[in-house]
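Pasting the structures here.
You will see two complexes here that share subunit A, one where it goes with subunit B and one where it goes with subunit C.
Here is the complex of A and B:
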């Protein structure tokens, strides 16, 4: 049983002539790092939003842990799948960087001491410790990107979907992210990320899915796209 | 005359905050492409905002030193006036897209200059053709992908035909075809005598630049021919600028 499965998924934005994605058949297991690549406008971001329930398919079905995705609330999906938006501004809303990272854990009722430890760890790992009390929107684009990633990772979801996580990151922070994702996967979690960064994809991905005009053009994961 | 002159530029966002830019000095000539790079948070985007007057006019903070664009002191000219000299494409394109269609977006600035309709159409067509975005000319910019939005924002800036262009992390968000298109476009614009400042983390994507300015904690770490910096892998590695 795949962790996340898409069966003949199609989605068309209103007032658009053609589907953004069409006839998508994919399955993802925990473990492994999958890169989704393709030209601008090929449907990559749309695919990620369908995977985490932000968009609902017009046709086909998506199943999470063998249950229809539509049977979950967004919060229920969020507890299982962490999502990093292409633009970090869309997911930063707290007063400080530390609050941003701790927000999800607060909502889940974790103990303050544990939250404190985890916030400190992620601030340190993503080199944001000196910005602990800074308003997130006062950070640079790359710093906001790191903060958004840290905030999602702090909840330690079983699966991660990240839309262009390396955008705005310098080479050093890309290496840190690469190391972290490999660590995450070694603990049995799965990662799917969208990227134009061919070098990062080459270094990190164990499976590559190529989209073109909303359809799958290639999938190194084999039949029905199970993770290698 | 140099198109861009920056002399001893220092800037901080808050009175008790750190200097985000620290005594930056450089010039850029007509027909030159200068790439600006450095670790995240080193001041690249802040420098871009100083080049078109958003700093100091629209953002607070404390600025000292001088920025001249085509002889105009950015402290003494309004942003609207400086926009005719410096076209800026923001790091997040959705912060500068607001029209219902791509065509409207590109036409907006020439319309506001009260250009005749024929000239406006000409500029829109030129920008659309140059960047290969005819296919979504009538699309809503908000419905486009991030990379497509960057191309539209660039087209809208080109429609003003400014002598100086500043692109903040535009290229790395594009696919291979888009990168080649923008690189070819910038080469064409360079030959027309435009001055182009390109901010990027991905150094290979700006290998076509004439010179490269490397920032480190707001100060200039190195300013040299791009070719020389890109060939100096040891130096780049010690500065953590390559993976």
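Here is the complex of A and C:
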């Protein structure tokens, strides 16, 4: 049984005539790192938004842990799948970097001491410790990206979906991210990420899904996939 | 119907003026019906109008309840002992406030039937300083962006595992209050970045600007503008005459 399964998923934006994604069949297990690649406008971001329930498919079905995704609340999905938005500004909403990382844990009722430790760890790992009390939108693009990733990872979800996580990161920070993703996978969690960074994909991904015009062009290493 | 954006602006000003002048629910309901009819004539999708009105429903409910409970007048409809709780006047005032806001929002949907560039052009041709015209157009353009941003933030919060529907109201208000500052401040930062980008591209470099296109008012525009202004003046006079 796959952790997350997409069956014949199609989605069309209201303002657009043609489907952004069409007839997508995919299955993801916990474990392994999957890269979704493809040219601009090929439906990569739409696919990730469908996977985390921000968008609902017009046709087809998505199942999470063998239950229809639509039967979960967004928060229920969020407790299982961590999502890093394409634009970090869209997911940073707290007054300080530390608050941003601890927000989810605080709302879920974790003990203050544990929250403090975890916040300190992620600030340190992503080299944001000196920005602990800085307003997130005052950080640089790369720093905001790292903070967005840290804030999602801090919740330790079973599965991660990341939309262009390497955008704005330098080579050293990309290596830190890839090391961390390997660690996440070794703990039995799965990762799907969208990327245009061929080197990063080659180094990190164990499966590559190629999209073109909203359809799967290639799926190397997956259980299921349809060539367009 | 292809009309000049200035004609649409005149229509909006006339409709909102009447919405402010009218106070009885009957007249406001009629005005709302006329506004919706006008939107249908401009082929605005009913779903789109509902999309603008729906997020305001909680606000409408709060305003209705506040007016219904605190405005006194007319027959007492509900009382606790000798204390009147809801009166006919209170219900009428509540319905009036909700309908008035509904008219204003529905009229504003007319703005979506023309591009913000055309509105700027129209205002500039009416001798409005182009800085102010740009400001208006950017405000119009950024309203959906701001709305989208709020939706993104709410999605992001929920995707961190916080079920806003399950959170008790006290904590929910606390979460929203905490969000208010970063969202508003984020909007200010974006406004600053936008102004820098505009100035870097020569905005306000010269006092005069030229435009590739010129809008031209057709006879239908003149007829509609005059009809709306005349009808509004008559209705206002009827409403306020001693």
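Of note:
Quick note on the criterion: the second predicted complex is superposed on the first by the 222 of 228 C-alpha atoms of A that agree within 3 Å, B and C clash if a C-alpha of one lies under 4 Å from a C-alpha of the other, contacts with A are read in each partner's own complex, and residues count from 1 in each chain.
Please note the rule applied: a contact is a pair of C-beta atoms (placed from the backbone, for glycine too) under 8 Å apart; a residue touches a chain by one contact, two chains touch by 3 or more.
Computed from a predicted structure; not experimentally measured.
After overlaying the two complexes on the shared chain, residue contacts for A:151 are found with subunit C alone; subunit B is out of touch.
Look at A:75: by the touch rule set out above, it reaches subunit C but stays clear of subunit B. Shared-chain residue A:197: touches subunit B; no touch with subunit C. In the superposition on chain A, A:104 contacts subunit C only, with no contact to subunit B.
Once the two complexes are overlaid on the shared chain, A:89 sits against subunit B and subunit C alike.
Legend: residue contacts after superposition of the two complexes on their common chain; A:48 is shown touching neither subunit B nor subunit C. Judged by the touch definition given at the top, the superposed model places A:168 against subunit B, while subunit C stays out of reach.
By the document's definition of touching, of the two partners only subunit B reaches A:143; subunit C does not.
The intersection of subunit A residues touching subunit B with those touching subunit C, taken from the two complexes, comprises 89. Interface residues of subunit C facing subunit A in the complex, by the touch rule stated above, are 149, 152-153, 155-167, 175, 178-179, 181-183, 185-186, 189.
If you check the complex, the residues on subunit A that touch subunit C are 52, 54, 73-79, 81-83, 85, 89-95, 103-104, 107-108, 135-137, 151-152, 155. Subunit B makes touch with subunit A in their complex at residues 13, 38-41, 45, 91-92, 94, 136, 139-140, 143-148, 151, 169, 172-178, 201-202, 240-243. Contact residues on subunit A toward subunit B in their complex (touch as defined above): 13, 15-16, 38-42, 44-45, 86-87, 89, 138-143, 145-146, 164, 167-175, 196-200, 203.
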